[in-house]
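Heads up, there are several structures right after this.
What follows is chain A paired twice: with chain B in the first complex and chain C in the second.
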Partner chain A sequence: MPDLTPITPLGGSSLRTDTIGAISIAEADDWALASVAARAGQLEDTLTRARKLTGLDLPGPGGLVAGGDWRAWWMAPEAWMLATPLSASEDIVAAVKPALGDAASITEQTDAWARFDITAPVGFLERLCNVDPARVTPGTATRTVMEHMGVVVLRHGDQAFSVLGVRSSAGSLHHALLTAARAVA
Partner chain B sequence: MSGYRLQGGQIDRTRTLPFRFDGRSHSGHPGDTLASALLANGVRLMGRSFKYHRPRGVLTAGSEEPNALVTLRSGARAEPNTRATVAELFDGLEATSQNRWPSLAFDAMGVNDWLAPFLSAGFYYKTFMWPAAFWERVYEPIIRRAAGLGALSGQDDPDDYDKGFLHCDLLVIGAGPAGLSAALTAGRAGARVILADEDFRMGGRLNAESFALGEMRGAEWAAQAVAELASLDNVRLMPRTTVIGAFDHGVYGAVERVADHLPIPPEGKPRQILWRITTARTLLCAGATERPVAFADNDRPGIMLAGAMRAYANRWAVAPGKRVALFVNNDDGLRTAQDLAAQGVRVSAIIDSRPYAPDPGIPGARHLPGALVIGSAGRLGLDTITVRTAQGREFRIDADALGVSGGWNPNVHLTCHQRGRPVWDDALAAFVPGADLPGGMAVAGAAAGVFSTHGALQSGHAAAARALEDLGRSAPAPTLPQAEDTPIDLRPLWHVPGKGRAWLDFQNDVTVKDIKLAHQENFRSVEHMKRYTTLGMATDQGKTSNLPALAIMAELTGKTIAETGTTIFRPPYTPVSLGVLAGRARGKDFKPTRLTPTHHWAKARGAVFVEAGLWLRAQYFPRPGETHWRETVDREVLAVRAAVGLCDVTTLGKIDIQGRDAAEFVNRVYANGFAKLAVGRVRYGLMLREDGFLMDDGTTARLAEDHFVMTTTTANAGPVYRHLEFARQCLWPGLDVQLISTTDAWAQIAVAGPRSRTLLQRVVDPGHDISNAAFPFMACAEITICGGLRARLFRISFSGELAYEIAVPARYGHALMERLMEKGADLGVTPYGTEALGVLRIEKGHATANELNGQTTARDLGMGRMVSDKKDSIGAVLSRREGMNREDGLHLVGLRALNTGSRLAAGSHLLERGADAVAANDLGWVTSACWSPHLEAPIALAFLKSGAARMGETVRAVNLLSGQDTAVEIVSPHFIDPEGERLRA
Partner chain C sequence: MIINHPLLGPRDAQEFTYLGDATLIDRPDGMADAAPEAFHDYLHLRDNPAGTHRELWYHEGGDRSWLVVTRDTRTHEITRVDLARDVALQRGRGA
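Moving on, here comes the complex of A and B:
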């Protein structure tokens, strides 16, 4: 273990949670992330190997799947994000690359993103991004924009979401989420 | 009847709301608008007109109001040009009249009215021609002071505004009988419906008329329909919401006034929300606007539209006057007289321009078929009207209120937002929506020219049923109540001929005479007429004036109205505050901010930050006792040259490039060769645009046969990534390459200076040899540090010193910086910011965005030979164009001030000694300049014509803005270590 102490996306030594009315917004940093992009002509092999590693079928556009220690969501044509607990796989590339071999290109993305786990009615999203609540059902991953910031919105359950944005803008994203929560709460 | 308040109405009499108008206290009730409350308090005079400062009262009861514009609230919340007819009354409301001095009743600028013969249409264009120097300095301020409406407070708006996004199957615009009927049909069928209405009470004209729907009053039926809709989960009711525009692909803009009816918005809540509504189908049920008839002095307070009179009497229980007359060309006179009489208001006369008009038999009311109103009188308000009968007899009638109706215009505005043209309907004497509607839109009810209540209910249902069918749903059977179905009986009457000024556009003070003048001066097309007279160009977009004016133009030109045509409408439907367009994007929230992984560390050390795109970067780190930024920067620069410095360089773009063809891909996007770059090595790359000019530069490391990490300049991280994606997806889809940004994933710190290796050796884990022999200049490796943390080490140098960049997962950047500071204390480790970074690279002659400004080439930078002719790459061919390879082309050179006390500024232009400072003598320009603490002289980088051949010569750097004229010696741009011995040490 390195003898350095990490900081959270918002720059603190501990994670921050805000509760506004029925809405809760929790900074989260417990996922290791890796992008998986199938190499040319290797789509089937990538799907097979990913299934063997994670037990999941990598989803189609807009899809989010979860099971065991793994989550996977669609990011781009033939490209996905894999998430697994950071505590178990600090070096996620080391865990994924042997399984995927040369079928896919794997890139560490753990610290590229800031994540906020949100408990809120789906209407909360109305003030933030142009998504249709009827289509962003549980089990979807949506790439969209909030206040000029590119984000991924994962809907895990009825009132359970994660919003991921670039880590360097964690403060601005957090501010946007809090402002919207205060406006609708 | 005591006062003006009647019985009934849709106001809550159990509560009284005090309010003030021009400092005087009044009271009203919940449900009132400011206009209805003022009328109830006997206030008719509400404003002064734009140009002639004529006294004006309320003309309408809705958002089309041209006259009753007031400033609502005070202080920073003061909002000018608010229509009193839609301002919802609240406790303590404060309103002031506009465009008058010293008071509304006595307005000194009313002198303009006497000068009216000189102030006709085109007056400005003809009068203020000469001298041209007076246009902006003299004439414009005078005109702006004399003409106009309200004034802004000049203070920051203290309230918040939101933006939001909604999605539905059917958007119904307008909640009158057609809209309610449509929403019921679609809502009961289970479709996702949004019903938006600009009013705070849904129901439209049902609230303003006395008709029965089945067994109920119209307003009761509307309330019941709204209650049913509110109970449906799939229906969203949006009162106080104006749909302002129809945009592409079924997107509509709407402004919801969330808190305008409250004294101040609740904490954290927005005042208004700008919604972007995406819908599959849209039904426009926006109703119709009544139009006036122009006659002499028809703008006197007390003269209003007949339909507005009914609205005030029925909905707000307000009598428009004590002796009311009506002047109409359709059955509205009859309706209004009946409604007023039923409420106990005395109706003195019904002047109906139709000779055949039937007598409604209102007791005490004179019925004058075939007659016309030809004038009005009264100071600050109506006292009498002058009537001319069918037989030509003229006489006065006492009336303190006159209701006028010239018929109704369907509200076609939103049908025009994508260039749709309304078509003339002779039977209705009105323009109705044309066939070319915005995609997915249909129109029902009065907006479609279906004016009866039954017609509105029926057409709303039918249009909703068609929309449901399009969406694959079936409509429930209609349950329409019995309602009036009176046919239109109207005889067109646009203006009453005669002397005196007859007003068309009340808000912009345009009269019938102005239209005649436009015709006389050959501004005859409707577009020309509009611009010449300013008709319809006020905030009301001519809702009450456009048609009468173009009907008069049609008369003058001898054409039909259909031939004359109409102007069309643009968004927004009604005025929108700039605040709601800006939303939350104000002040520091205008754009997101990006912070480096060591931001909080730098902030704690007192760093001064500078914006670099969205990023905040540490510019310099002042120490106690340092009094000038230059003092700090000089110290930081010298520390790097003599010991070791640390700088967060995370902001440089990092692009992860993988795939079997990654090497080929990199080789094609860079102008210099990359195919043979060995694993574990880094190379400086020049990237060209397709046109051969420089796009970006940076270093790219090869971590594995099939894995590269490219760095870009901070500013170009996004554009380069986009460029690579374009090349990957469009230019060479056959290559096996995958790209992803890792800019944010890794914290990257430059460790620069002769002691950098020593410092790094203290944190690198045993087993990784970073000696000069094992890890030479331009080496890279994946290593571990601090007891097992993954890191990437690059031996690259921007400063010209022995230097490295070390990258760790971003969350550890802060801790690594602290550790390096701690471990390097005895080595003199010094954090440095972008200012010192800039000085270091200028001293070394390294280019940045100042030199790569989009107008320069590799050759200009002295790197022409890096553009390989042994391979093809983006931009290589066009970089060989003759014009880009001229002998006398620009060369990057160094400049050194001859007098070390002089100043050199970027942006200065280079001139020969003795040459005049004019563009013809321009030799080039200074791109970057600084004080070099190493050379103890002002130095600069510059592009100079034939610069390479002029070493040692002297030219002048001239900056006319700051008055600098500095003699400089032309030198090599590499001020420091031109042989590169330091960085290989």
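Moving on, here comes the complex of A and C:
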């Protein structure tokens, strides 16, 4: 077997953190991700089973919840993303599928996304995408577009955000974030 | 233009792509006897109203849902937005 070395979403050997003025943008790869889509007519069963697994109530449109080792956010009608620490659950489907059974379809998403953890005033994100600070309060997940790239913006706290974008365009997303940070810093 | 998404509230039109007339939901039965004529009408015949028009929009830069938007083609005023899923289910499709 060849000895393969893992690389980060930006292609480096270690995670990158940029600090520009009061804004910090940190590449992060410590979440395992799986999408959960309720199968036809199985919404209630999906919610019950997910609660048993994670202790969380899967949120309604635009919602983000966190507790214990799990995070869940709304992705689409009757579909959510589940996140858990990668160190605890490298094979997240093996952890999720037995609990959800045939109620929902699970897709492993860990390596499909690039995540940047951002510390910044909410005005920083207004530069980049359609987030309305009055609506995008802590505990919301917004799917929108940044420079033509589809992203998910999670707001954890007043100045704590995560932006998830498609991994294959991680470099472009990182560039967009840095450019906006330099413009407001 | 702002589209008032039934689940997510007002979203910028930049996040959406347009498909066309909402009658595309009423796809004919391809196995019926009159299928060729029905498909000819379905594919090629469209009303082109100056006024209220029901049309399909896709929230591509968002939650990927299909919407039925009622828009005045003269003023671009949007008077109603429904999830296409609800419209289709109401019409007995997609069950």
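By our rule, the second predicted complex is superposed on the first by the 181 of 185 C-alpha atoms of A that agree within 3 Å, B and C clash if a C-alpha of one lies under 4 Å from a C-alpha of the other, contacts with A are read in each partner's own complex, and residues count from 1 in each chain.
Quick note on the criterion: a contact is a pair of C-beta atoms (placed from the backbone, for glycine too) under 8 Å apart; a residue touches a chain by one contact, two chains touch by 3 or more.
Here the structure is a predicted model, which means the values were calculated and not measured.
When the two structures are aligned on the shared chain, A:N130 is found in touch with chain B and with chain C.
Touch counts on chain A: comparing chain C and chain B, the chain ahead is B. By the touch criterion defined above, A:L173 reaches chain B but does not reach chain C. Looking at the shared chain after the overlay, A:V145 reaches chain C, while chain B stays out of its contact range.
Applying the stated contact rule after C-alpha superposition, one finds that A:G62 touches chain C and leaves chain B untouched. When the two structures are aligned on the shared chain, A:V122 is found in touch with neither chain B nor chain C. In the superposition on chain A, A:E108 contacts chain B only, with no contact to chain C. The interface of chain A with chain B overlaps its interface with chain C at residues 130.
On the chain B side of its complex with chain A, the touching residues are 160, 162-167, 192, 268-270, 273, 276, 278, 584-585, 589, 591-597, 599-600, 614-615, 650, 656, 658-660, 706-707, 734-736, 738, 740-747, 784-790, 808-812, 814-816, 819. Chain contact summary for the complex, chain A toward chain B: residues 1-9, 11, 29, 35, 37, 39-41, 79, 91, 102, 104-113, 126-127, 129-134, 147-149, 166-173, 175-176, 179-180, 182-183, 185. In the complex of the two chains, the chain A residues touching chain C come out as 61-62, 74-77, 130, 135, 143-145, 150. The touching residues of chain C, when paired with chain A in their complex, are 7-9, 11-12, 14-15, 60-65, 83, 85.
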